[in-house]
Amino acid sequence: MKEIDELKFPENVRYTEDHEWAVADGEFLKIGISDYAQDQLGDIVYVELPGAGSVLDQGEEFGTVESVKAVSELFMPVSGEVMELNPALEDSPELVNDDPYGAGWMMKVKASDSGQFDRLMDSQAYLAVLKG
Amino acid sequence: MTSSTGTTGLIFNEPLLWEMGAKGRMGFSMPPRDVPKAPVDNQLAGDGPDFADLCEPDIVRHYTRLSQWNIGVDSSMYPLGSCTMKYNPKTNERQAALPGIATAHPFLPSDHCQGVLGLIYKLEQMLAEVTGLDAVTLQPAAGSQGELTGMLIFYAYHVSQGKRRTKVLIPDTAHGTNPASAALCGFRSVPVPSNDQGVLDAKIVSQLMDDETAGIMVTNPNTLGLFEDNIKAVAEAVHAKGGLVYCDGANFNAVMGVVDVARCGVDILHLNLHKTFSTPHGGGGPGAGPVCVTRDLAPFLPVPRAVKENTRYEWSENFPQSVGKLHAFYGNFGILVRAYSYILSLGNHLQQVSQYAVLNANYIKEGLKDIFHLPYDRPCMHECIFTDKLQQPYKITTLDIAKRLMDYGFHPPTIYFPLVVSGAIMIEPTESESKDTIDGFIAAMRQIAKEAAATPELLRLAPHFAKLKRLDETRAARKPCLCG
Amino acid sequence: MRYLPHTPEEVEAMLSTVGAGAIEDLFAHIPNACRRTKPLALAEPLSEWELDRHMDGLSGTTAIQPEYMIFMGAGSYDHHIPEAIKQLLRRGEIFTAYTPYQPEVSQGTLQIIYEYQTLVTRLLGLGVANASMYDGASALAEALLMAVRVTRKKRVAVSRAIHPLYRRVVQTYLAPTGFEIVELPFGPDGRTDLKSLQGADELAAVALQSPNFFGCIEDLKAMDQAVHTDAKALMVVAFTEPLAYGLFKSPGALGADIACGEGQSLGLPRSFGGPGLGLFACRNQHVRSMPGRLVGQTVDGDGQRGFVLTLSTREQHIRREKATSNICTNQGLCATAAAMYMATLGGTGFRELARLNYDKAGYLKNELQKGGVQLPFAAPTFNEFVIRLDEGSKRTYRQLMAKKIIAGLPLDKFYSELEDHYLICVTETSPKADMDILVKEVTA
């Protein structure tokens, strides 16, 4: 596992304490897990996501991410409706390890309360939490 | 012994069954046909399974070669913590294979199977005596099925008291089967932290215990290899609010002849016959998980139960409060026979088994505590736990240590369990290992600690002498290939 | 004692290292309130030779073949077990190993179980099989719990023609869950009456056994239609005699989503009902919901083929309360025996043995019928079938028992409406001469 200084936390993205990130993508929000999260998990073997159309609240569990020896729950950064899932993750869950903010995105959500996104942590605040 | 237990040796490659054979070969002695063919409805008939055809020598060579790729207790010390890999006596195999045992049909009327039925009755009594509890079922087929039985009894008991309780307290050191078994009965697990001595604190339990909680699942000795010093007070705290105390007896090998489980305040206990009572591990079972209970909970035990009427043994279903049935018949009877034979062979000397098991573990603890980090420096019971903390500066992990130990000819201890100890290495030698063997184990571990500092790469690439190098488990999980 | 290596000198040396004066000191920290108040009230240890005599005596009280003719199956079957298998199972590397947590030194167990899984998928006609469950009964219970997880519906339908003790185990497992069990009756031909499924809704699964408890082959084609199209549930096919699939179509070939049952017939002795072997297979798409261990193929650091336990995140040691099951130790050695048995028979032998069983039962059925005995169920059977004797047959049954003939299993204990009905079983182990004697005695 890497040191925190070796990990990437893009500034255009917002973060949660549970290590998810969210970024604006057209009218939706794109969601995934941070470089810290994927590094901690190790080789990811499976990502379980909800069906499109699911409506979930901020903080609610929306799925799980599995490595060989562990399972971690994933929690909604914002409330909203699941619009689209990343189809590539079914066959290539390693994308989450290799490119957690790009090709390893997990789902797109139509947020029900835009204020929630604004109140998420920026990269500096998240880094502070990790070093905390 | 001055040279390592482990070395290289010639073993063989062996293909998969369907990569061998030739159509028409047969390994089976087909009985001669003495009846005519009966007509078959072609609509229902199928082609039969696509199995390879092999002759008897093919089969024998196949499985002989495969067996040589394994370490067993018969090959070497197998110090898997909490698994109690003790010697599996061969006389037990002879008894289980006796015709009146091996070919007994479970539906024989009771007067045609008094011996086997009586064995069940007597083994129940022996286990009651050894544990200090009052009534026993031998039906559960493994420890976790015993836990399920215990949780079913929790459920049935509280229903009989007129109240459905929804939670069960489970220590953070518990084996994964504990919360899984509780969940199967619809209970929500409430985690209970252990204190810095590694045991449960009665005050914390008392705070968490309420009248929505069915009870607690403890393990004693616990998964850190420590006796739960406060077990009586913990039990009192749970009983005070109407709950029951379940004890996971996986580590019972530490306390035979010493501890009275009932006096500890435990209401329900399961045992693992394939751990404490020497029945073989079989590459992953079959085991047996008898459940022992107090007098008050006896009415809830699974049916049928073996009862004695004068001098005769009978099956009885006359237990209206029974939780029901876990196994189609009476449990893993062949395993019960082996445990029965073991207990008869040791008799009132069972206490010595626990004494030597505990002595061996403490001896290992002394022999390694200067070079491996010991999170709990207090007398241990039948197993001791170390961590990889002192090896971390060399970027060597518990996994690396375990893999290198194989090169020295030992099966590794349990690793990364319990979860509360980071990088745990849990060593349980059992009473079966001689001082020579244990000294060899200690020497190997000390050598590995030296290698960790001087030549860490040797550990990271271990094992070197096993049939294979480290396997790609990520690939196995990402692209599962589960049959050929 | 021969299992305990330590000599008094060695004990003294070890105590000295540990810093204890006597061995009891190692237990000093155990509170008095938790201790036994009396020594263990067990007998003196038996020597190996005394144990042999004791067990020989115990064994001698059981009614067994060939002294007795035992025409019973009902979930526990008499089949020949080759000596080669018995000897191979006694290899210490096989039976004294444990769960293959360290794959590099457990490739024997791992390849054996991978082969077992594969043979089971081929036998049952489904995509994936696990490394075993405890027995056919708990396998059925777990199959129904799995169906509930997959479909998120809370009712299951279970045929009354499934083994009565399997149904009791299902009831026990489902009791605390609140899931409803709907019972499907059987019809006059001995098969499950599927009509009652019409209009049934919110079913997670429908379970039948084939051959069923009466030995009858169920109409699985009709079941496929009723379960998938009408009830929109998962089709669960159970069994107690898998040898039947050497002759009849497999559950997977007929639409089953899950097939689960007892593998004792595959190389395991009856052993008074246990250990058994829970075979469990399902369609590939459901693999992540399947309980039990799984062995998968992979490669090592040098690119060599090898096997590992995989998809472990379903299991209790990782998923804990959210696991697909609580199962840990399963029936490893029994699965090994079954794999050896299926390998020994091969495809050719399996088909031939199945046919021989069928023909033996067919012969007995025919002879009994010729002798005037009623066969109440018209459906085709495999190696078990039901006969109906005249009223007051209990006396006949007892008389036969006194002659050391056990004429089947009386069914009224499990089905109160089936007084004077007996479940008869014959396998390849029953010589024609024995069957002729049974016919003569029963028709006398």
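First chain written, first letter: the chains are A, B and C, and each begins at residue 1.
Everything that follows uses one rule, which is that a contact is a pair of C-beta atoms (placed from the backbone, for glycine too) under 8 Å apart; a residue touches a chain by one contact, two chains touch by 3 or more.
Quick caveat, the model's predicted, so the values are computed rather than measured.
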Problem set entry | Innermost chain by mean C-alpha position | B
Exercise. Two chains share more C-beta contact pairs than any other pair here; which two are they?
Worked result: B-C
For this session: Find the geometric centre of each of subunit B and subunit C from their Cα atoms only, then give the gap between the two centres in Å, rounded to an integer.
Result: 20
Seminar exercise, completed: Rounded to the nearest Å, the gap between Cα centres of subunit A and subunit B is 39
Exercise. Measuring from the mean C-alpha position of subunit A to the mean C-alpha position of subunit C, what distance in angstrom results?
Worked result: 45
For this session: Would you pick out the residues of subunit A that each touch at least 2 other chains?
Result: 45-46, 66, 68-69
Seminar exercise, completed: subunit C touches at least 2 other chains through residues 312-313, 318-319
For this session: Could you tell me which residues belong to subunit B and also touch two or more other chains?
Result: 473, 477
Seminar exercise, completed: Counting only contacts in the complex, subunit A reaches subunit C at residues 45-46, 66, 68-71
Problem set entry | Residue ranges of subunit C in contact with subunit A within the complex | 288, 312-313, 318-319
Problem set entry | Complex interface listing, subunit B residues touching subunit A | 416, 473-474, 477-478
